[in-house]
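Just so it is clear, A, B and C label the chains in written order, and each chain counts residues from 1 on its own.
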Amino acid sequence: MSVILKVEHLAKSFGGVKAVTDVSFEVRAGELKALIGPNGAGKSTCFNMLMGQLKPSSGRVSLDGQDITGHSPRDVWRRGVGRTFQITGTYQSMTVAENVQMALISHHRKIYSFLPRAHRMYREEALALLALVGMADQANRACAILAYGDLKRLELAIALAHEPRLLLMDEPTAGMAPRERISLMQLTADIVAERGISVLFTEHDMDVVFAHSHHIMVLNRGELIADGTAAQVRANARVQEVYLGGGTLFSPEDAHG
Amino acid sequence: MNPIRTLAAAAAAVLALSGTGLAQDTIKIGEINHYKRMAAFAEPYRKGIELALEQINADGGVLGKPLEFVFRDDDGQPGDAVRIADELMTRDGTVMVTGSILSNVGLAISSLAAQKGFIYLAAEPLADSLVWKAGNPYTFRLRTSTWVQAAMLAEEAAKTDAVRYATIAPNYAYGTDAVEAFKAALKKLKPEVEFVTEQWPALFKIDAGAEVQALESSKPDAIFNVTFGSDLAKFVREGNTRGLFDGRQVYGMLTGEPEYLDPLGDEAPEGWIVTGYPWYDLPDGPGKEFVDAYQAETGETPKIGSLVGYMTAQSIAALITKAGSTETDAMLAAFEDLKVETPLGEITYRGLDHQSTMGAYVGRIALEDDRGVMVDWDYRSPEPYMPSDEDITAMRPAE
Amino acid sequence: MGLLIAQLLTGLANAAALFLVASGLSLIFGVTRIVNFAHGSFYMLGAYIGLTLMNILPGHVGFWGSILLAGIAVGLIGVVVEILVLRPIYRAPELFQLVATFGVILVIQDLTLMTWGAEDQLGPRAPGLRGVIRILGEPVPLYDLALIGITPFVLFGLWWLITKTRLGVLVRAATQDREMVGALGVNQSWLFTGVFFLGSALAGLGGAIQLPKGGADLLMDFNIIAAVFVVVVIGGMGSLPGAFIASVLISVLNVFGVAYLPSSTLVLMFVVMAIVLTVRPFGLLGREEVAGEHGQVGEPERPIRPFGLTGRLIFGAIVLALALLPLYGSPFAQVLITDIVIFCLFAASLQFILASGGLVSFGHAMFFGGGAYVSALAVTYADTPMELAFLLAPLGAGLIAILVGWFCIRLSGVYFAMLTLAFSQLIWSLVFQWGEVTGGDDGLVNIWPAAWLSDTTAYYLFTLLVGLGGIVFLRHVIHSPFGYALRATRDSARQAEATGIDVRRVQWVAFAFAGMMAGLAGGLFVFSKGSIFPNELEIAKSFDALIVVFLGGVKTLSGAVVGGAFFESVKDWLTRLEYWRLVLGLVIIGVVIVAPEGIVGTARRVGERLGLVKEGEGTR
């Protein structure tokens, strides 16, 4: 399997406080990889550096061998990386379908066109994506009145709009009921498997993590302490220590949900 | 308040207003002014008009019909004034338009008048471009121009030994015009004078303390003041407090007009040479008759605005009487060299530039009974101070 | 050296009143997030009430007592305004309150005129402080020294109030997180009322304390408000020490400006503001704004739809009725509707960036007037044919908008608004002062349309075509991909950036486009009036547009047009009345209270309730 995302010696400090120190890993094509770790371990910081929301203090991020370190989020997106956020950021004043259409319009570089009617553009594609995530029947509802779980599905549809090769998902199931979590993650796994998309995601719910990821990375205090299969990570002594030995770093709620 | 009821009341009031206008057979004149934006100046002006109308109509009106003014407020906006002028001429059936204090509103109406072919008598605006650089066949102007008033003060200034002059004027067209005219007139009379500083406070936003310091630091022999209204009050107070006026002659444009002098109360700056309106000191004659009639009618003392309003209505009555009709062409012909008997004596609307020969009072400010008055004043006709006829003809756009 | 010190003292003395008024405004904004345009009116009331009291109460005690009492009286008036006018509309979209405060300005103006008359009033001198003392030979008025001495006490008093009392704790908490304070069980309405009392009282004190240096007049409300906003913004909205530093900075700079750059007085403080905001986007001591200050608080906006068949039929019928007006209406009706259409286009262009883009501009008149001036200058100096000159209006305005936008779009919220205000004031003063070219405030005259359009009816039809065409085009663009992208940047800038949308560039293009359309309105305006003056670039003109957008309904597509038509026609009627400002002010306040979502928004809601309009649909 070829390497899609390569991260080398990535570090970030905020005014002397090191949030992330010397993180290196790879994401391969078609791989579902989880990044876990206690609160404050630096997961979101890592994510924000990959996607360009934050500039790393040092280190290098490359996509398909091309250096994208410090590139803007929209540039990273244009290169085929999709992203979902821990707190959803959909467009409240648009319908569900229009949210997806907006991403399609951007993907087809039609943002600066003044003449066509936007709500008719790429509608079929948008409906197909919504059908994929099981939201077809809600296409014309206002985004502002959606239930939380549906928003997460919508976000997934939006992230798929530009046919990404890599999806970065920040806590995709946060705030959802346990059953919903499993089904959303199963849905995601099916879609990416079918389309050959790689996924890097952070997650608190260990059931979700161990059920769906091919590889798991563990981040603690800004440092990567494990990177391997579920079995390897379970067996890793430092992970054991962080999660079980210390106890204070990782609360039972975090582990079970 | 219930907005629907308010609207209904407003609509009813509007209907009532327009209804009275249509009911009678009167000769109507459109009058546009900034009754709210510049209430202190527009209210006495309106009262002056109303007094004149009462007298004119008591004498049988003009051409056998009562003369009526339709008063409209433009909020000081030239754009609104233009629309209202259009409405007055096309809907309200007025035969001509007058009004405005602000020069820019006057210029806007003047331009429209030329375009649409109706007569506009600019009553109060002081800008000289109304009759000179931007003059047109349909626009006439009553009030004494900035140029003339500045030249009268320059004539007084030239009589003294002062050579170092400072000026302070509000930072807009009237202020710059006045300073320019004063400098030109004074240099002509006395080439050795030098202008050591020019201060330009923003209109009605003067920082008086700073201005006084700046003037003082340039050590002038004399000062030419163009500020008025609240700027003048602040300037005079700071100047008095800090001793700016001690041993210096000050020349003040309009400072002697009751609009500006009265609010100063016992702090009126003694000794300033000013243009103004000494209504309290007039000898028996038409001038005093007006003052008495005005006080009897309104219970207030007259302002210069009252006089201008009164003379505006008189001019229009005389115009229509002379024209014998309210057709624009007839009135245009009659306006050329129209002579009007006014409280200031006979004035003429010059055929040359459509400017009236209304003059100005020049005098010195003194304190009497804790208020400022003009003393040693005289009334001066404007004509000796005007540019030459050739210069004026050259300035006016070809007709 | 002596002069330098004397000038510094003058500046410090001037800062006193400015600081009092500005600290009040800053406090009110910090806690209630209300941009209170009526703050200048409270200042004016303080001056008039103080003056009246000083004439009654004698001596030292009377003088200083009058100032205190004036402050308290104005504070109580502020409470009345808050309870009657603002409290009913706290749930309305943010910034909507500024429309109500504009109504309050009009009401107070007329009530002041009725009560105290039109004539300017000179303030009495302070007993015992009439003279000067000499410092290094320069005269310094004693009252100036008193003012310089008082200001630190006021600052200290406020500091004590804010840091040491329960009210202060609440005020600070509310400034940082309003919702949390509400969640902790604090009665917000009384907190707001209390803050309004304090803020208004400070404005009243400012008005009364400046009496010995000036007086009271009917223009002082508008004359101070711009300076006060500048101070609050430079200091950082909501920051009292910031307001203090900025008052001193502006006042002292002004004094030196007067001495060394005498004709800079119009523009100096706006230059300072532009520089400060470019370097420090949130003012000297301000904090970054929390999200949700873009007129977007309250119920989320609903998805938009182009007109359905009914909507198109109604719109078509209106256009037809207007087009046939020359057959049945009076010539004046054409003139009036020409004005209304032009104003509506101007307002619609503002609504485009304000509603769709969340960019609240306080300086939109710079493009309207700017476009008009570009046309007028072309006609005056190059004898450009009207048809060409007319086209230059939108192009010129668009160009100005591109330049100004480059600076402004880097800011957001109220700071963006204030930077646009600063730029519009810069352009205004450029036009105002560059008399040789622009004619200064005597403007440019005789800018009439070409012969084939010079007839009233011809120009009316031309305006209808271009004006309505512009409005329809603006509306169309809102439904285009670009309009959607603009709304996307407003709804979630983060999401937009993460899906390939260049937020700043989209906003910049939108700003330029809106400026261009405002310039188009300006072009129509100048040829309909035949002249152009700096008034059309003034702050008041920008606010007119802002008010009708909110009055019509900021979260609706037709808001600006309906609001504009309503406002212009009502104003045209009311100015025939003696106290029209009072009535207009009450009408505005009435509409604001009765229709907190604007005329269109509320009409839609009422329609839905009555079953006339289908839920979530209808003409927007």
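Following the convention adopted for this analysis, contacts are C-beta pairs under 8 Å (C-beta built on N, C-alpha and C of every residue); 3 or more make two chains touch, one makes a residue touch a chain.
These numbers come from a predicted model, not from an experiment.
Touch-path distance (fewest steps) from subunit A to subunit B is 2. A comparison of the B-C and A-C interfaces places the larger number of contacting C-beta pairs at B-C. Averaged C-alpha coordinates give centres for subunit A and subunit B that are 74 Å from one another. With centres set at the average Cα position, the gap from subunit B to subunit C is 32 Å. If each chain is reduced to the centroid of its CA atoms, subunit A and subunit C end up 43 Å from each other.
Against subunit C, in their complex, subunit B makes its touches with residues 1-3, 6-7, 10-11, 13-14, 17, 36, 39-40, 43, 72-80, 82-84, 86-87, 90-91, 103-104, 107-108, 110-112, 114-115, 127, 129, 134, 171-173, 176, 197-202, 204-205, 207-211, 213-214, 217, 229-230, 233-234, 237-238, 241-243, 259, 262-265, 267.
Against subunit A, in their complex, subunit C makes its touches with residues 300-306, 476-477, 479-485, 487-488, 490-492, 494-495, 497-502, 506, 509, 616.
If you check the complex, the residues on subunit A that touch subunit C are 51, 53, 72-74, 77-78, 83, 85, 89-95, 98, 101-103, 105-107, 110-119, 121, 142-144, 158, 161-162. Subunit C meets subunit B in the complex at residues 3, 6-7, 10-11, 13-14, 109-110, 113, 118-122, 125, 130-132, 138-139, 141, 144, 212-215, 217-220, 223, 227, 254-255, 258-259, 262-263, 265-266, 330-332, 335-336, 339, 432-433, 435, 439-443, 445-446, 448, 454, 456, 525, 529-531, 533-536, 570, 572-577, 580-581, 583, 586-587, 590-591, 594.
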